[in-house]
Amino acid sequence: MTDPLYVQTLDLACGAFLLTGVLVLWRRDLAAIIWLFALQGVALGALIAVRGLHEADVELTVLGLGVGLLRAVLLPYLMRRALAAGEEGREARPHVSVAASLLVTAVLTMIAYAVSQPLVRLAPTPATQAVPIALTVLLVGFFVLVTRRRALSQVVGFLLMDNAITAAAFLTTTGVPLVVELGVSLDVLLAVLALQVLTTRMRAAFGGTDLDELRELHD
Amino acid sequence: MVLQLLVVAAGAPLLVGLMRQIRARLEGRAGAGVRQPWRDLRKLVRKEAIAPHGTGWLFRAAPPLLAGTTLVVAAAVPLVTADSPLDGVADLFAVAALLALGSVALALGGLDTGTAFGGMGASREMTVLALVEPTILLAVFALSIRVGTTDLGAIVIATASSPLSLISPVSLLAAVALAVVTIAESGRIPVDNPSTHLELTMIHEAMILEYAGPDLALIEWASAMRLTVMLGLFAGLFAPFGIATAGAGPIALLVAVVAFAVKVALLGGVLAAGEVFMAKLRLFRIPELLAGSFLMALLAVAASFFLA
Amino acid sequence: MTLYAWALGLCLAAALVALLPTRAPAVLRPTGAPAAGGAVAERVRAATPTVGAITVVGGAVTAAAGALAAVAGVRAMLGHGWSAWLPDLLPLGGVRLALDPLGGLFTAVTGGVTVCAAIHGIGSGPARATRVVVPLFVAALLLVPAADGVGAFLFGWELMAMTSLLLVLAEHRERPSVRKAALWYAVMTHLGLVTILCGLCYLAAGAVGDGFDQLRVAELSPAARNVIFLTTLAGFAAKAGIVPLHVWLPRAYPAAPGHVSPLMSGAMVNMGVYGVVRVGLDLLRGGPVWWWWIVLALGALSALYGVLHAAMATDLKRLLGYSSTENMGLVLIGVGAAGFFAADGAGPLAALALTAALLHVVNHAAFKTLLFQAAGSVQRATGTRDLDALGGLRTRMPYTTALFAIGALCASALPPGNGFVSEWLLLQSLIHALPASGVAGAVTMPLAVGAIALTAGLAVATFVKAFGVGFLARPRGPGAERAAESPRTAIYGMALAAAACLFLALNPTLVLPALTEAVTEVIPAGRPVTGEVTLRLTTITGSISPILIALALAGAMVAVPALVGAVATRRVRRAARLWDCGAGPVSARMEYTATSFAEPLQRVFVDALQPESAIDVTAVKESAYLVRRVRFRARVPDRVERRLYEPVLAAAVRLGTGARRLADGSVHRYLSYGFYALTGVLIVLAVIS
Amino acid sequence: MAEPPLERAKSPGVPELAGSVQIRHVDAGSCNGCEVEIASVFGPVYDAERYGARLVASPRHADALLVTGPVTRNMEMALRRTYEAVPEPRRVIALGDCARDCGVFAGAYGVAGAVGDVVPVDVEVPGCPPPPEAIIEALRGMTGR
């Protein structure tokens, strides 16, 4: 892979990664959110694969494909099933209005950029320069966790954070060892399954998946 | 530049006709034909103009001002050729501001009638404008960083000479932002429905309810030109292929005209097809859409640093 | 120097003229025969001038003073500066005066504003006190930028504060709300004075004298410099109406008489900017980056906050007042960016940013003078400033309407207005900052550009509202229905300001060289902008030609109707009823008001504005389900005022009421306080020594 | 699907309109039977738009009024004002039997008269309700396409 092409495609993957993360905040429709998450999975997979191709590292490339498969196909499939099982289809009233959360995202981006500069300066390669994007998505995911009500949005927020951490790992180093990545991926899968059980239980108990209902369990 | 003006002035109604035709075909209708907007315009200028009681000079000045700003923009923007004599006179900021001036003229014309609909349209148009303006400026900012100038011709030429830069996230984000803005500014679905008959959902139409005959013809013509110019600008910024450079011969110019027509028709077709499958947003959801595009523009700026 | 002295002298002369005894207008004479000695009285009466004559002479003299000051200022900008030391005028340091290009710029702006305001004031028949104080206020405004020493500066500043306070208070008999406004203004302006006083005295303490030349070379510790900058910044920001110190501004402007608010808004708020530039960039020779971050952040905050509240305001002068906050915010963004670049070593960019800021000061002075004059005229003609009750002034006040339209165009920063040129320069300086200025710049500049962009969009909506709702359509209140065109002098005043606006809009290239002199004085980095017809930036690629844009627009405006006229077959424009859906006539109550116009925007920014609304439903006595009346009230309170000032004020009031217990009316007790305090201090002294 | 274009319509149309007629529909008191037919005229099956006819929201934008129903007392003034609001040249189509001669509502206490009694009618379309083909015919007569 030639250098300029590598930089451009890497940047493009990062851009798509960021764009999908931000769009999750923009949309209220849970089905669309899951779609976006799947697209982000593709971007993440592409990012890793591009790095793998650039460094002629077969293992990394395959890993990228695997990660892409898990995050773009399997996890969205599970979530879609949860959605089809009767989850309300919309994030009707988030704690922070959509317009306001978009503006917050703008600030988060700036913070992420400012914070990660020392990190970038350690080894200024095209890959590390994209670290702020991963950090932004991490913050966005956290923000989704904080402000959204539906259990499924919470899952997506959690997964956004995980995507971001993975992306950061692959951007800063040549990647975590395969075993670790497999373990993390399994963890994520387990977490999603656990959350799915939780949503089912919640729906049975409260008739909805608004997490604010959990307050009733207090005392 | 004269050529460019003529192309835009003559082609704009055809673009609208084409978009209506595409919509009609997708809805299973035969459609009125591509030239129908021109027939409408011809008929409108032959009708009488009306001065409703209580309106004054501003009501009459608004349509020519709208058309005038659009013509100036059409002359300044690199649509067919990147070498306009107005180059160096007006840059992207000036273009955005001139388009805004046209909207302002129309809003004042609507307010001047003193009807509830006129005021309503003006108020909504200004709300949309107030939110669209920042996005345009930021998107311009993002696009001009790479080139180092806000001069439109320079941006287009620089992009044309290095097409690889088009797949950078900066371009991607800025394109999304500008696309939303283009739709909002030209009053298309999902922001505004140009063929609505329901006053309460109107934005653009509500302002022009009082105009008749040649005034209306000017407004319709100018709106069509605005759409054309914005689509052309969008195409020029993100697909600057075929645009003639300074000192191009007649053949290059011809190629440029054809390329421009194809690009704009393509974009218009996509827009029209999208409109068939999309519903208009609730008025108070529009700010969310525009806030999103604002964020995209800001991220485009940020990305040009992240990945610098 | 002589010109400037003449200007000051004419101001004093105008004040003296206004002090002359006047005779009552002849018609007001008692109709009965004059008493004994009537002939003598008659002769005395004939010798004393009428109120009208005095007003005319006073106004003319003030206008002449303004014109001279403007010329003096321009001469100073072109390099004919001067300095003078009058050691005997004030005790201690004496009075040091000097007019350098920077001071000259602000003197020229003040002079120009004065000319317009004075001409406008002739026709408005101001009260006697106003006639006396206005020239003194002008003199103070001329004194501040010409001061070359701490003493003279503070003297001018205090004079400015006092005279403006008197002017705000001028109409307190007619309108009780004026008193509260004046109280706010008095407190804010004097708190500002105190901080400036502290800061400058601290600075002077570190130097060998109080002259600015001596201050420039003063050796100060960084901590001292920080303290000086921050304290003076607080004072200057209060004067410029910067958030969160802006609370006096939307109150004081509506309270001031018609031709005084242009002076305050067009000339006085500029002094805040002058102070920041003079102290921060000139006397302290720039500083660390974080100073300018603060300035920039304050500017961005003010711009956004000001324009949001202007977009919501329904009181015309309040709207213009908030718009001043917005514009001063934009100027401070420019100043902050200039300081930021200068601290970063990017000289040319710094010069560009400062040029943009100073040009915006000039532009803002021009259009705000025009707009405030028009608002004053409207208030005089209709008796109200409430946009909801105005409307329909287009037919009743055609000249005022047309002139206000020019001002509104300029204020909304659209071409071909003058506001567009300066905002364009400002954006150019910020945009090209990026690659140079590292992380801090990369984070700051996009946000600043975003703030400016949002401000620009909202300003358009604001002024479409002010003009469209206030002047077009049909009258919605009795005041607007009765309105008549303002007196001729008022129109002349406005026309002059409008001419200045148009000149600045079309020929900024003629103004910029002189402005560059003022900029190079504090940031020596060459000329940032060149060109005669086209504005060209020297260090970065960027050009624009306001006059060619205007010409192209004018050409298109002529060509388009001509084209339509050639094609059209029916030339006669038929008059018809408004389209009312075929139902009864459209009444003024159906029009969109300023409140309804701003409602969508209020919804969008509901988190930032937090509007209040209350619905009272009165039911009939017999049943709660039969509603007799529903009353809806909505208000957009100033959040800063509510959150920041009201708790402080409440605490102060509580403290005061608590302290009342100390004062129970017994004289002995009061004396004993003094006694205890004295002995207490003596004991402390004894212990310490 | 759209049917093949007929032979050239009987009337050459209104020359000043030249293939473009904007229509403002006024329901002057109709039973809504005609409205259903109008809706189908502009629907995919008959598609009047291909002949250059289009419904608009404001009479200011219109060339022709499409009036249905007998004119009730409450709508009499409204119809007259709507007619006045249309810029010249203007045409009026009375659609349906009610609009032509009040139909079954003739003589009812709330009816002010047929459309022709209130505004000058140029084209009449008979039927209760008139079939879409007849409406199309009338519109084509006006557009001349």
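The letters A, B, C and D name the chains in turn, as written, and every chain counts its residues from 1.
Operating definition for what follows: contacts are C-beta pairs under 8 Å (C-beta built on N, C-alpha and C of every residue); 3 or more make two chains touch, one makes a residue touch a chain.
Everything numeric in this text was worked out from a predicted model, so none of it was measured.
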Interface ranked first by C-beta contact pairs: B-C
Euclidean distance of C-alpha centroids - subunit C vs subunit D, Å: 59
Rounded Å distance, subunit A centre to subunit C centre (Cα mean): 50
Centre-of-Cα separation between subunit C and subunit B, whole angstrom: 36
Residues of subunit C whose C-beta touches two or more other chains: 442, 446, 450, 569-570, 574, 576-577, 579-580, 604
Residues within subunit B bordering two or more other chains: 46-50, 209-210, 213, 287, 294, 298, 302, 305, 308
In subunit D, residues with contacts to at least two other chains: 16, 58, 60, 87-88
In contact (per the touch rule at the top): chain pairs: A-B, A-C, B-C, B-D, C-D
Touching residues (chain side subunit A, partner subunit C) in the complex: 97, 99-100, 106, 110, 113-114, 117
In the complex with subunit C, residue positions of subunit D that touch it: 16, 26, 58-60, 75, 77-79, 81-82, 84-85, 87-88
Residues of subunit B that touch subunit D when the two form their complex: 24, 27-33, 36, 39-40, 42-43, 46-50, 196-199, 202, 205, 209-213, 216
Residues of subunit B that touch subunit A when the two form their complex: 164-165, 167-170, 172-173, 176, 287-288, 291-292, 294-296, 298-299, 302-303, 305-308
Interface residues, subunit D side, partner subunit B - complex: 1-2, 16-20, 22, 43-44, 47, 49-52, 54-58, 60-61, 63, 87-89
